[in-house]
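For reference, chains read A, B, C and D in written order, and residue numbers begin at 1 within each chain.
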Amino acid sequence: MAEVAHQADVTEVGYQAGPLLEVDNLHVEFPTRDGIARAVNGVSYSLEQGKTLAVLGESGSGKSVTAQVIMGILDEPGHVSAGEVRFQGRNLLTMSEKERRPLRGNKIAMIFQDALSSLNPVFTVGWQIAEMFRVHQGLTRREAKQKAIEMMDRVRLPAAKNRYNDYPHQFSGGMRQRIMIAMAIALGPDVLIADEPTTALDVTVQAQIMGLLHDLQRESNMGLILITHDLGVVADVADDIAVMYAGRIVEHAPVHDIYRAPAHPYTKGLIESIPRVDLKGQELHAIKGLPPNLLRMPSGCAFHPRCPYRTDQCMTDTPPLYDVGGTRHSACHHWTEVIDDAR
Amino acid sequence: MSDPQIAAMSRHEDEDRSAHPEMTGQVRSLWSDAWHDLLRKPSFLIPLVIVGLFVLIAIFPGLFTNADPEYAELSKSMQGPSAEAWFGYDLQGRDVFARTIYGARPSIIVGTLAVLLATLFGGLIGIIAGYAGGWIDSLLSRFTEIFLGLPYVLGAIIILSALANTRSGIGSFGIMMIVTLVMALLGWPLVTRIARSAMLAVKHSDYVQAARGLGASPVRIVFKHLLPNALAPIIVIATISVGTFISAEAVLSFLGIGLRPPVISWGVAIADHQNLMRQAAHPVLFPAAALTVVVIAFVMIGDAVREALDPKLR
Amino acid sequence: MGRYTLRRLLQLIPVLIGTTFIIHFLVWQLPADPFDGRCGQRPCSEAFIARMNEQFHLDEPFYVQYFIFLGKMLTGDFGVSFNQVPVINLIEDAYPNTLKLALVALTIEAVIGVGAGVMTGLKRGGFLDNLVLVSSLFLMALPIVVVAFFMKYLFWAQLGWIEPNVSTEVRWSELIVPGFVLATTSMAFIARLMRANIAENSSADFVKTAKAKGLGSGRVVGVHLLRNSLIPVVTFIGLDLGNLMAGAIVTEGIFNINGVGLTIFRALSLQDATIVVPLATMLVLVYLFMNLLVDLLYGLLDPRIRYE
Amino acid sequence: MRRSRKISAVALLAGSALVLSACGGGGEAGDDGDSQGGVQGGTVVYGACQPQNPLVPGDTNETCGGRVIDALFVAPMMYDPETAEPVPGVAESIETEDNQTFTVNLKEGWKFHDGEEVTADNFVKAWNYTAYGPNGLQQAYWFEQFEGFEDLQCPDEKCKQEPKAKEMSGLEVVDDHTFTITTTQPFSVLPNKLGYSAFAPLPDSFFEDPKAFGRKPVGNGAFKFVEWNDNQNIKVEKFADYPGTDSHPKPSIDAIDFKMYGDLDAEYQDLLAGNVDYSYQIPTSALAGEQWKADLGERAVSQPQGANQTVTWAAYHEDYSGPGAVEFRKAVSRAIDRQAIADTIFHGARAPSDGWVSPVVEGYKEGGQCGDLCQFDKDAANDLLAESEEKGYTPPKEIPFYYNADGDHKAWSEAMANSINQTLEGDFEVVAKPYPTFAEMRSDITEKKMDGFFRTGWLMDYPHIENFMNPLYKTNASANDAFYSNKELDEKLEAADAASSSEEAIQLYQEAEATLAEDMTSIPVVDYTTNAGYSEKLTNVTVTPFGWLDIYNVQVTG
């Protein structure tokens, strides 16, 4: 830890010791015809250099929206109503677009779930990677091409040179995601946000991509935010896990703690729904009920309609993020029972 | 005029279909959703009311005016609007309001009938070509392209000039039918193209393959799966075309080769009086306004239907 | 691609034969005898009719006439009109004018249509957006004659910026207003098409990627968004060239431009099929080749399209 | 569109003939024309249209080409620019004793534009060529009265066999500057006719390559051909060796640019903008509300023209013949409010007709010969209708009135139909029905297929009452559209043709005209008025009774 911080000190002038990236009490709202949808409701998490934070949750839980806020690419009409996002101590949300743009792609990069639709279909992949160098570093076309081919090699794309002029649709899914990654890490960002990077891929390819991400992170010592709905893929790569539900973090803990003993009934449900080899023959648990409607959020704990531990208190009081010990937190009034059950 | 837009729309439409074949699976909800959607949209309801009004005028022109549209008094020629004649008098001294009212019927009949014919014929050919494939498709496609190769204005002028023989005393109905048939003749190939590609997209979609795999009879496949799904783009193109066809009819009438007396036509009224605009504009203004309103209303309805039925924009 | 082009070209042959046959048939066979009214109030002398019939092979069955015509067209012989003017002269005079007019119209519709479409597509729901939506509806619905008279009245009679008619030299600058008139409908349509494309693509994933890459909004819109949204518009514009050329009749008439449409229309009213058929055939050729070109262009613009 | 409709209307109005009269300068004597110290030089831009035939005098039968031919060629006679009286052209004199053999004496010193001298041979060869059937020229019929014309016509329909002769026996060259014409019957107005452009001479170069000549004509007139850009313009320039005549002096201007328009409105706007110097037609848009007089001021010219508009009955059709039909036609004639139509529909561009002959021609009888029958009177019209019913005539329920839609005839046709319908109280209706083209209408007219009444118009070929009688009403005449046959009329016309003096001839023609009121198969409606305008650049402007600019005396200033 100390070493890492020291390194950062050297590389970044004016960087004050502390987490690389912090999301602090973030609120995001989407005005709609039927009312305001509160997609993110006071989310806080932080990311250290060289670490991997997995953000877990169902679709609509606010995990991708949070990532888009960090990148500054939130779609209209969504907007941040409160909170801060600090990168190396500076609040990104109060920066002007002019100050912020150089960070995007350069310091904080992002890859998306569907590489086919995320890559521009009408430009060659090489061109799209080279664009990073040309725009951010002002390289000439030839220099940028050279660099882009290097990056393509780096993400282990076979015959990179020959495929520089190919279009996205000419690649397989896994290859496309490698190209996205090459593009994202082209400029050596400090933070890489991977939004469901393997969801659309075959299982075997998933593992390759996760492996690649993991390797790259170690090589360049960047912070990685891995957004996923699949608890299974993060076990081997994540350091910490933040579980989100209905726009809030419901549990935040180091990865081994969570697997060992989840402190929130939702986390518990997620873990139980992973098919496991050692529990062969047993019934697979699914969390009952549906994710909440963001326009008509349940009172109290948003999870209570689906929660087996529900009490009257859950229906009225919104649970705070209880300190569960160590670096663990859980937003459940009954977290003690949940942990006990798990053990 | 009408032709290029429709062509491009159709191209657009083609893409949607082939790019999202899975969308066609949700046909029933699509139709009912579209309907519910439309009923809530002012951009659909307002033009619908306008079109409704004009259809009413077309059916019962006598409800809206007592004046005889053919009664002419030269002494009143070109007199401006007054309490007696709201829209004034035309060159022949006829009541412009009455003529504007009576002009609705031919416009609407020709526009809708031409679209109907073009859609039925073009749709049928397109569906057959798309469903049958193979040499039937090739043959029908080449046949369609021959007619598609005739640009709209040029084709209409040539055909109408060739057909414009009055001797047989064909009367109002005959005149309208000739114009209708020519417009349908030039309009059907577009519908064919759209119908064919819609059919192709649906035919290759997973659920149709599945139904086939499960041993559904061809008849069942056609009526249960293919037709309902292929119909949406055809309906969209038909709705939009009504407006553009009415506009096209007016231009042909203006050129002197479309509708003509004894049919009372807005396009003819504009052509007859555009020379006199420096003297008085009202004999041009009112029919032109009526024409514009009707066309806008139809185009807006078409646009709303397209939005409702086009899954991509929802 | 090469094989695809070849196949398309081969497919064009029956279409061309079919279309020209239809035109030939309609123009030559349907109307009354072309020489009925040629000699004014008196009937034409039999000698005159005999001379003309022989010169234009009118005594042959119509399919023979058609093949004679086709054969001549293939060798580049457009024949002479009833008044013995080589039709190629008319084509040489009229074609450049119509082409120029269509190109001006194309430029105007592309610039204004794309501009308006991009602006409104990026900022939907605003005042400008509604203005463009409403005005484009109007432009699409207004008969072209109304637009033409209005523009001429405004720019000539009121402002005095233009001459009432295009001169015989047909200078580019003189074609701006007629071009605008000719372009109105397509312009409105392009604006709407572009707006829809921009709106659709601006929420597309690859635009998000472009933003995430840290590109300036100018580059995001100007390179990534525009390039994709332009594809359908470019194909539309390509197809429109043929339409504009064939549809310029009204505009050519009102601004006295000696173009193809006007020449055809005049020839039709004089029943001179010798002029109508070759000129219409030339228009159809342009129209069909533009269609083919657009199809091929589509493949270049959108690499996802593959030709079997 | 509109443009071409109007043009064809004008161009074909008269059917066959137009008279090119560009002859000019009546009032302004003086050898070199510009005696008034006017400015020499300059180009007149003349509003025009694309000729429909090669530019050969014997093949040009419409005004678009006629106007150009008129500048390029001079016939033996010419017509005075102001009065349209025949005056000498290339001919020094035309002498006859029996009105059947005419001796034409040509002036010396006239040259073609290629330098060849104009001799008697040039006339005789040109006329024989025009009349020769297998050549199929449009104006062949002008030589019908010449002896030997029949022998030059094709013996069979398809012209497979050669005609008996190649030269008319009625033409004989006496010497280089004298030739004689012999007609089959006495024809007193022949010299009058010889001003028409079909009688122009042709140079030897024509016979070498008639086709090329038609695109690049070589004439003997005051202007020589420069270039012809189809549908754009035809340019001609002053011919230095043109000798000039008293009435048609050497022109003051250097060149004429016949600029073609597809649309009268466009032409008119260019006239206002100064891009056109002379327009011989003002569009309806400007006539409406007298707008053009406000626009042009003194430069607006309005004067009678040698053309009229009649309607003709298909009296051969069973529906329109029999006892009482004549009274019915008279009733219809009295039910047409000519004055209202002239004022309202034509905005003064036409005047109500009072007879069958244009008021501008020699032989027009003051007050007209139609009398009350051409006066609108509702009661009188209904009385006539009642009379016709008494005699047992029942008109069909629907009476079609045909007009051609490619001319500007719709408005007045409808107005006339309305006027008749609203005046006559009978159980029938007149319906104005358009033929798409003049050609198609002519075809049905000449094939005797009409089943109602229809518009007929006549633009004089030459300014003489004879031109409004013989071609139109004589039995089997070429433009007798009603297939009318009246023995008394025929006799009067023959007598007039053979009359020994001009006065006597006119008297007889007028008597013939008067007989037309008996049957009313042709009903006069309106007479044409020339409405022309010219630019500020032109001075000394005369507009001829044909409606054309006097190009010999006009001057360009500024």
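As a convention for this text, contacts are C-beta pairs under 8 Å (C-beta built on N, C-alpha and C of every residue); 3 or more make two chains touch, one makes a residue touch a chain.
These numbers were taken from a predicted model, which means no experiment stands behind them.
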Report summary line: Everything but subunit C, grouped by touching, gives A | B, D
Requested in this report: Please give the intersection of the contact partners of subunit A with those of subunit C.
Outcome: none
Query - Chain centroid nearest the full-protein CA centroid - result: C
Query raised in the report: Which chain's mean C-alpha position is the greatest distance from subunit D's?
Result: A
Query raised in the report: Using CA atom averages as chain centres, what separation in Å is found between subunit A and subunit B?
Result: 52
Query - Distance between chain centroids, defined by C-alpha means - subunit B, subunit D (Å) - result: 47
Report summary line: Per the C-alpha centroid definition, the whole-Å distance linking subunit A and subunit D comes out as 92
**Report entry** Cα-centroid distance, subunit C relative to subunit D, in whole angstrom
**Finding:** 40
Query raised in the report: What are the residue numbers in subunit B that touch two or more other chains?
Result: 161, 165, 254-255, 274, 277
Query - Residue numbers of subunit A (touch at least two other chains) - result: none
Query raised in the report: If you look at subunit C, which of its residues touch at least two other chains?
Result: 31-32, 249-250, 265, 269
Query - In contact (per the touch rule at the top): chain pairs - result: A-C, B-C, B-D, C-D
Requested in this report: Would you tell me which residues of subunit B are touching subunit C in their complex?
Outcome: 1, 3-5, 7-8, 11-12, 15, 142-143, 145-147, 149-154, 157-159, 161-163, 165, 243-244, 247, 250-251, 254-255, 267, 270, 274, 277, 288, 291-292, 295-296, 299-300, 312-313
Report summary line: Residue set of subunit D touching subunit C in the complex reads 1-5, 7-8, 12, 14-17, 50-54, 61-62, 133-138, 140-141, 153-154, 157-159, 211, 214-215, 229-233, 259-263, 265-267, 269-270, 272-273, 275, 406, 437-443, 446, 456, 458, 471, 478-479, 481
Query raised in the report: So in the complex, which bits of subunit C are touching subunit B?
Result: 11, 14-16, 18-19, 22-23, 26-27, 30-32, 137-138, 140-146, 149, 185-186, 189, 193, 196, 200, 232, 235-236, 239-240, 242-243, 245-247, 249-250, 261, 264-265, 268-269, 276, 280, 283-284, 287-288
Query raised in the report: Which positions of subunit C touch subunit D when the two form their complex?
Result: 31-34, 36-53, 82-85, 89-90, 93-94, 156, 163-165, 167-168, 249-250, 252-256, 258, 262-263, 265-266, 269-271
Report summary line: Given the complex, residues on subunit D that touch subunit B span 1-2, 5, 265, 283-286, 288-289, 291, 337, 340-341, 344-345, 400, 402, 405-406, 410-411, 414-415, 418-419, 422, 431-436, 440, 444, 449
